[in-house]
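First chain A sits with chain B, and in the next complex the same chain sits with chain C.
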Partner chain A sequence: MRRNIWLYRRCLGAQLRATLEYEGDFWIMSVAALLTQGMGIVFLWAIFRTIPQINGWRFWDVVLIYSLVALTEGIAVLLAQGAWSMAVTVNLGGLDTVLVRPFSPLLQVLSSQIGMNGLGNLALGGSLFVAALRHAGTSWTPARIATAALVLACAPLVKIGLNVLTNCSAFWLKTPWSMFPFAFHTLGELARYPISIYGVVVRVILSVVLPYAFMSYFPATAVLSLGSAPWLGLLTPVAAAWCLVLGRWAFRRGLLRYESAGN
Partner chain B sequence: MARIEADDLRKVFRRPDKGPGLAGSLRHLVDRRYTEKAAVDGISLRVEAGEAVAYVGPNGAGKSTTVKLLTGILVPTSGEVRVNGIVPHRHRIENARNIGVVFGQRTSLWWDLPVRDSLELLRDMHGLGAAEYRTNLDRLVEMLGIGDILSSTARRLSLGQRMRADLAAALLHDPPIVYLDEPTIGLDIEVKDRLRAFLRQVVADGTTLLLTTHDLGDIEDVCSRLVIIDRGRIVHDGGLRQVIETYARERVMHADLATRPASLAGIATRLAGATVTEERDGLALAVAFDPLAHTAGDVLTAIQSEVDVVDLRIEEPAIEDVVRRMYAGQLATGPDAPPAS
Partner chain C sequence: MTAVVTGRATGRPADRLRRALRTDRALGRAAFRSLVAYQTSFLFGLLATTLAAVAMLYLWRSVLAAGTVNGFDWPAMKAYLLVAFVAGSLVSSYVDYRMAGRIQQGDVAMDLVRPVDYQRSRFAEALGFGGYELGTGLLVAAVAAAIFGGVAAPARSGVVLFAVSAVLVLPLRFGIVYVSALVVFWTRNYVGVQSARIALVTLFSGGLVPLAFFPGWLRGLAAALPFAGMASTPALLYVGGLSGAAAWRAVAVQAAWTVALWWLGRAMWRGASRQLTVHGG
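And then the complex of A and B:
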């Protein structure tokens, strides 16, 4: 375990060094991340100007959910962006070299990219998080701080696990494009808003089948003690473990049918 | 125990069976048909410690697929495989510690990192100690002559440099078993010679080597055993000299001429059994001969006594020719047999 973490850091560090070869990319991607997330906030603000409450959620509550999305996305992009390279790695045969190195293939794939634009997400998400908590007028008890720390640590793992799971479709779909997993990523965007506004089917999908809501909505309810069942947010670690297990399972199944490329 | 043991290894790929063109592709959407093709169809192989095996065959014969099965990259459809006693696709990480792999077409180096950084990452993955790493690296740097490229990123290397850096990466942990898939493809003669000398040394040190190649020179220089595979099956497994002497005897000497000769008949009569053909509109000629019947010196003398030679080169048969001839049944088995063409 310690060896794996150390090697993971080594690989990411190497990617960081490689990425710094392209400094321009870093700035462009960071600006893009800020713009994308920022536009969402503008959209929210526009809505809440006319409708002050949605299903009992006020503007700053929703901003908190939003900030959690930016934070978890930021961490997932920064630390495990390699999941999105699977369509290319698997279908153009790049996995071959990964499989003959003595380090977990899945961890090698995950650490094979470092998304510096994650820093943009983290900066924005962090500021929104602080601002939202201030406006929500939350009192900071030790229990609340512990809750926030726990859910913040586990929420990114939910996203990473789901990224692995959906990107493992690369083993079944023979294209080097990530269209299919990206469709699920877009579905996950629904979890930027309080999921109580959706119908039951969407709610079940987002909280049980592909629990994207555990990267933002449920953690936010736990931190703010809002909604009908804020304790659900404390299940974030369980959801994270479940998503990671699913991701690893899919990857292993995928390796069994990996066909490499060319001859 | 043999280092590499494969028993009745099969790998079947399923390919969509599409008609031609867009219509065929659309039709496949509703009428899904597949054909199964066995890329490797019942291969059994034993390779001992210190053995150097050339694994050859025409394009699409299943060479790379075999290597991918032996390295654990692919999971076999059926059959057994053990490398150093380990089933590679079940215990990939343990297996990876015992093997070194180079795919000629693809680098295992990190594309945007200096070669040295790639090697250090591999050092850490293999858990090599500082002293062991230093010793191995120094040896590889010297033997492969890569001291000056360690600080270049992989993307800036020429093909020959990249191949040598890749070999260093594959052999850094001093693995007992090494697989090389087309290691000399696209390299110039000088680099090839250097690589072959290096490989001979590696084999002499007791490493088991399995080499797929199209280049007869690789095989002659490095390997003592030749396995020929075609359509997923082994068609020959045995000594190398015997095959070359039986199936790949013919050499072709090409000579560029100063002036157009009136006739080539004179050369032909001096060299019994050889075929003389005109090339480049009469300004060059080719003599196909059997080295057991005539030495290259004899052939050159015969040509020079008739015409003025400007330049010449000798072409050795490619392994594809050998395999093609084995199948076509045009095997020249004695000095009197007509040269195959």
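And then the complex of A and C:
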């Protein structure tokens, strides 16, 4: 375990140094991340200028959900962006090198990229998170602080697990594009808003089948004690464990099918 | 470059035009086919955009559940969002994706020696991709409309202007996409430039939220920028949200930006091809 963490850090560190060679890229990606997330906030603000609440959720409550999406996305992109390289790696037979090294193949794949737009996401998500909590007028009891810490730690793991799971489609589809996992990433974006606005089918998908709602909506209900069942947010660690197990299972099944590329 | 261009310019004007049009058609057809060849991948891409559109409709249904806001009731908003969605699906990724890849890899050097106009060729491809994008966009919109209980026909009064505006959407969007892809000559980074452009276009085109929801100063800014013509103008004309002088002005702004961006693209291409860096040899 200690060795795995150490190796993971070393792999990411190498990626970081490689990425920092291109300083211009770093700034462009950070500005792009800020613009993209900022656009979402302007969008929410424009809506809430005209109506006070949607299904009982006020502006700052929704901003909290939104900030959790930015934070989880930031961490997932910074620490496990490699999941998105699976399509190309499998298509070109790049797993051959991975498989002969004495380090968990899945961890190697995950640490094979670092997304510098993660920092922009983290900065904006963090400030929105703090601002939303201050404006939402919550009182800081020790229980609430513990809840916030717990869900914040586990929510990114939900996203990382689901990223691995959906990107493992590469083993079956074998195309060099990540269109299939990207479709699910878009599905996950639905969790940027209170999921009570959706129909029953969408809600079940987002909370049980592919529990994207556990990266943002449910944690937010737990922190704010909002919605019909805020205790559901405390299941975030369970959801995170479940998603990681699913991801690892899919990766192992995929490896059994892997047959490298010709020549 | 000029030598190549004059080398091509032989024969009578009519012959030259016919030859150019034949090239355009061939490029457009090849672009269309390249998408059809990878059906599964693009069907999943389609699924992604459908989900995004459905999420928007759900959100707005909740927002407008209480009644009319800023002149929009639920049926009008539904129609507005779907028209904006179809407009937004045009020139949505393939043109700049290809261009940026070729610029980064240095393959663009090959394009420089081809005896066809670069910008015009890319536009011909955009038309080819556009046929596919329009078809799939309309399909998604029809499915979404069916889920959410149908959409009204376009407003009678503005139907001619709507048609003009709708035709202008593709060349206008091409202008922005082409210009932002050329930026890669200087930044050598594509993903960042592309996502920044998408963020700006999505917000200021009124594709997510009608510009009427913005405060006055922001609305004025958005209306003067090229973005409004990419979704807001045709969508408003469809639902009858623009009439009289305002409608004419909006379409005029749209047309002016279409022309301006075309020439901006020309100027940038001249500058870019002069300072192209190709690595390796």
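The definition used in the following text is that the second predicted complex is superposed on the first by the 263 of 263 C-alpha atoms of A that agree within 3 Å, B and C clash if a C-alpha of one lies under 4 Å from a C-alpha of the other, contacts with A are read in each partner's own complex, and residues count from 1 in each chain.
We take it that contacts are C-beta pairs under 8 Å (C-beta built on N, C-alpha and C of every residue); 3 or more make two chains touch, one makes a residue touch a chain.
Everything numeric in this text was worked out from a predicted model, so none of it was measured.
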| item | value |
| --- | --- |
| Partners on chain A (chain B, chain C) - clash or fit | fit |
| Which of chain B and chain C A:L255 touches, first, second, both or neither | first |
| Which of chain B and chain C A:I28 touches, first, second, both or neither | second |
| Partner chain in contact with A:V88 - chain B first, chain C second, else both or neither | neither |
| More chain A residues in contact [chain B versus chain C] | C |
| Which superposed partner A:L187 touches (first chain B, second chain C, both, neither) | second |
| Chain B versus chain C as contact partner of A:V42, first or second or both or neither | second |
| Contacts of A:R17 with chain B and chain C, given as first, second, both or neither | first |
| CA minimum distance (chain B, chain C), superposed complexes, angstrom | 7 |
| Interface residues, chain A side, partner chain C - complex | 22, 24-25, 28-29, 31-33, 35-36, 38-39, 42-43, 46-47, 49-51, 54-55, 117, 173, 175, 177, 179-180, 182-183, 185-187, 189-190, 193, 197-199, 202 |
| Touch list for chain C against partner chain A, complex | 38, 40-42, 44-45, 47-49, 51-52, 54-55, 58-59, 61-63, 66, 69-70, 187-189, 191-193, 195-196, 198-200, 202-203, 208-209, 213-215 |
| Chain B residues within the chain A interface of the complex | 13, 39, 59-60, 62-65, 68, 71-75, 92-94, 96-97, 99, 101, 103, 105-108, 110-113, 117, 121-122, 124-127, 153 |
| Interface residues, chain A side, partner chain B - complex | 3, 6-7, 10-11, 14, 17-19, 21, 93-97, 99-105, 255-260, 262-263 |
